[in-house]
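Heads up, the next two complexes both have chain A, just with different partners, chain B and then chain C.
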Partner chain A sequence: MQEFLESFLPAGPLVVLVFSIIPLGVILVYALFAIWLERKVAGHIQDRLGPMETGGWHGWSQTLADLLKMIQKEDLVPARADRFLFKMAPFIAFAASYGAFVAIPLSSGYIGSMIDIGVLYIVAITSLLSVSIIMAGWASNNKWSLLGAMRTAAQTVSYEIPTVVTILSVIVVTGSLNLMHISEMQSGNSFLGFLPNWLIFHSPFMVIAFVLFFIASLAEAHRVPFDLPESESELVGGYQTEYSGMRWGLFMLTEYADMLLLSLVGATLFFGGWNSPFGSFMDGPLWGAFWMLSKGMVLVFVMMWLRWTLPRLRVDQLMNLCWKYLIPATFVNLIFIALWEMIF
Partner chain B sequence: MKNPEITLEPPVDAGDGLVAQQMVVNMGPQHPSTHGVLRVELTLDGEVVVKAVPHIGYLHRCFEKHCEQMNDYTKVVPYVDRMDYVAAMNNELGFAIAMERLMGIEVNDRVEYIRVIMAELQRIASHLLAVGTFGLDIGAFTPFLYCFIEREKILDIFEKASGARLLYNYIWIGGLMNDVPDDFRSDTADFVKSFRPKITELNDLLTENKIFVERTANVGVLPAKVALNYAASGPMLRGSGVKWDLRRDDPYSIYDRFEFDIPVGTGEKGTLGDCWDRYIVRVREMEESLRIIEQALDGMPDEGDVQEAIPKKIRPPAGEIYCRTETPRGELGFYIISDKSTSPYRVKARAPSFVNLALLPAISIGSMVADMVAIIGSIDIVLGEVDR
Partner chain C sequence: MDLFAIVFYLFAILIVSTAAIMVFSKNIVYSAFALMFTLAGLAVFYALLFAGFVAVTQLLVYVGGILVLILFGVMLTTRGYFERVRIRTVYMLPSALFAGIIAVLLIAVFVTTDWTLAPLSEGDVTLAALGELLLTDFMLPFQVAGVLLLLAIIGAVLMAARKRGPLEKKGTVPDADKII
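This part shows the complex of A and B:
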């Protein structure tokens, strides 16, 4: 990819800039689409149509209109807020999830950086998100925001453990932390012939691992039923309460970027990443990007589906679920996967 | 009323030079889950509620004083609508019955049957709102809209009859504003038929949902004894297992002619008198209301002038009356004193939401902030009625 860019751009910083801005373009276009999709999904689940007017066909430009509105809105900072932290928090939040896209292989031809500790890096840098949320909650000087931020800290720290352990159980199989290598490993067909050689078909325990990973990633992305940091009916919006305009928009963008990130990680670890589901048919770098994003979007859609179906857990139940059920289950599963690897 | 002082426990040394302190937060009046403009002053220890003090009065409209100044009893009816604005029919019915008893007016059967059908439809509409917003408080958005679709159908029936969708001014002293339209009977029968499966759908989606049960069972437990001591009524009281429904225990209108059960909480999913019990009482009451409507539709006479008993000038004999009826929220009582003039000397409304809300401090101690939302939702207050 980098060589391809160098072929028509003057070498040097510009190439690096264009190269590193590609995920941003992907995230922005995706966020516009996903927010529209979320509304349509919500609408159809709830027996209504969702946005229908703006832009003509099924309100396709509703999010664009919202974006323009948000940019024009006044950037309010509460009088007694910690101004510096308050203004910084949304940027750190977005930087955390954008930074993680570096290690995601968007197609066989594009990965931000071929770092060998890719997964570990993603897990580490997304932890910054909770720091930014605590910053936002604390700096708002609002007790409700603070409650939301405290919940987030507890939630993120707890749910990182099952996420990491499920990822670890994949690493046991692949023997590599580099997501590009993990994707390459999954190309072709499996020994059964008709199933793609994806890790989820590797052993029954991998299916369990995926379910556990998905539950944990719902909590990591603060989606229903684990959307306690926001919980609009209790905390009115949690750490976002005092934000307005584009700063609030950045938090929104981060939320959706996070959903995509975790879905893409899930797609790479379990569903073959950029590999085509039809063997070598429709294969190649461009098709790879298509498959990768499609797989991600399917998982994003499931997240939306859950959001409009389920109620929300309470904070202590959330912790119960994590520490009493999820973490033991992931460890047991890890052991079984390791045994499977030893035996077969 | 003197506001109880909020006192904070002294800071506790938590070690390492840190002190732990309680926190006072204001829940409302601008809060999405206080069902209007209720303000609750919460003292929190972390996320655990140590003390909850409700503050009311943001919607106070001097209902009782207005009644005295209206110079006409009929003009009170629209004001009654505005007390419990999601169950306006039931309020009108309560006031009309009180006035009719005071004046000794008998209304004909057609009026009675239409009134009962309207009141029960309104009960379903009101419970749909209560159940839907309760789900919304727990975080389930979709059941709320499903409930509203059904509520909409009831409002359509009301609109055809009265012209209004929320505040009807339909049940008048001595009769009705006008007769129901010709297709009222078929519309209502259609609704009853289409609504039964929807209750099952609601149960599948929300009632039996594991997360919903986890969030509501064993939360905000109200023992029957406490409920009785606080004079709770309606689903609030029945949720605690007390079989008390004025439609059966002190029948008014023609409720003694119908067969229906009174659902009570049994502590199926948790403790007797928890939020889930109060919720399920409402769901089951909707089914019972459907039964009443079906029987009423069968028994409704086709002939009868709905306005024949309406007096030309309302000038009740001097005297006083207390008349209570069962609204979706509980016992609504009107205490009316007449001095033989064209306006009441005194009207006192015993609003069920107000009395039920008084229980909030008693049942919310030790719960979490998220439970507060569930408890307020399960009390099902309408602030228009609390503040009057």
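This part shows the complex of A and C:
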């Protein structure tokens, strides 16, 4: 990819800039689409139509119109808020989310950096996200914001453990932390003669690992049924109560980028990443990007589907679920996967 | 100046200035957030020296773990949510003296030592090699550190789950999870 860019772009720094801005383009286009999709999914699940007017066909440009509206809005900062931290928090939030895309192989030809600690890096850099949410909540000088931020800190710190342990149980099988290597390992279509070599088919315990990972990633992305940091019925809007205009838009973008990130990590760890499900048919760098993003979008769609299906948990139920059920389950599952690896 | 030097000095300035903010700020929450930039800046230094694993561990343990706990503690212990903890400067002379002596010692060591610079190279230390070393040559320290952490966890659980006296029965002491 880098050589390809060097072939038609002149200077070195420009190549680096274009190379590192590719995921941003993906995220922005995806966010526009995903917010529209979320409204449509919500509408259809609740037996209504969702946006229908803006732009003609099924309100396809509703998000664009919203974006234009948000850019024009006044940049409000509450009088008693801490101006500097209040203004900085959305940027740190998005930077933490975007920084994680460095280690995601978007196709067989594109990965930001081939560091050999890929997944660990993703886990580490996204922990900045909870710091930025605490920053937003504290700087807003609003009790709902602060309560939302407190919940976020508790939730993120707790749910990081099951996430990391399920990722670890995949690492036990692959023996590599680099997501590119993990994707390469899953190419081919030889499993049981016709199934792709994806890790989810590797052993029955991998299916359990995926379910646990998905539950934990829902909580990491603050999605329903774990969206307590911003539960509107008790906390107005949680940490984003005081935000409006483009700064609120940045938090929204971060939330959707985070969903995509966790879905892509899940797709890479369990569903073969950029590998085609049909062996060498429809395979190649561009098809790779197509498969990777479609697998991610399927998981994003499941997240949206759950949002309009499940009720929200209470705070104590949330902590109970994590510490009493998820964490023991992930550890037991890790042991079983390790045993499976030793025996077969 | 090459790219390495530019990045190094940029982040050196960031680290030193945020560390200064952390020490001199009168607002304890500012100090905590400044500490975040100091710790994350150090992670950049490790990454510059191709010690990716150390950089990531720095982020994971200090920024993701300890800093969140510090912020949590600061916000929960400031009486009432929005009353700020007042910070006073105490023992100005002894601490300045102590810091001065340490600074002189460190500078003396820095100047007198004959530093040998190893050339930087990418991919010297792989994660696999590190793991192998931890499970062979450094098995004992690794296990001892693990036992120490386990003890700390058990101690924390014991302290948090101590039996409540008659005065602290239900209703009089707010539950931690109700505050969250």
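Keep in mind that, in the parts below, the second predicted complex is superposed on the first by the 341 of 344 C-alpha atoms of A that agree within 3 Å, B and C clash if a C-alpha of one lies under 4 Å from a C-alpha of the other, contacts with A are read in each partner's own complex, and residues count from 1 in each chain.
As a working rule, contacts are C-beta pairs under 8 Å (C-beta built on N, C-alpha and C of every residue); 3 or more make two chains touch, one makes a residue touch a chain.
Note that the structure is a prediction, hence the values are computed from the model and not measured.
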>> For A:S127 in the superposed arrangement: first (chain B), second (chain C), both or neither?
In response: second
> Of the partners chain B and chain C, which touch A:K143 in the superposed model: first, second, both, neither?
Replying inline: both
> In the superposed arrangement, does A:K295 touch chain B (first), chain C (second), both or neither?
Replying inline: neither
> Once the shared chain is lined up, is A:V315 touching chain B (first), chain C (second), both, or neither of them?
Replying inline: both
> Touching A:K40 in the superposition: chain B (first), chain C (second), both, neither?
Replying inline: neither
> Thinking of the overlay built on chain A, is A:H202 touched by chain B (first), by chain C (second), by both, or by neither?
Replying inline: neither
> Counting only touches as set out at the top, which of chain B and chain C does A:V224 meet: first, second, both, neither?
Replying inline: first
> Which parts of chain A are in contact with chain B and also with chain C?
Replying inline: 143, 147, 150-151, 315-316
> Across the complex, what residues on chain B touch chain A?
Replying inline: 23, 25, 31-33, 47, 135-142, 145-146, 149, 205-206, 209, 211-212, 214-215, 368-373
> In the complex formed with chain C, which residues of chain A make contact?
Replying inline: 85, 115-117, 120-121, 123-125, 127-128, 130-131, 134-135, 138, 141, 143, 146-147, 149-151, 153-154, 156-157, 160, 177, 315-316, 319
> What does chain A use to touch chain B in their complex?
Replying inline: 42, 45-48, 143-144, 147, 150-151, 224-225, 227, 231-236, 308-317
> What residues of chain C sit close enough to touch chain A in their complex?
Replying inline: 29, 33, 36, 40, 52-53, 56-57, 59-60, 63-65, 67-69, 71-72, 75-76, 81-82, 126-127, 177, 179-180
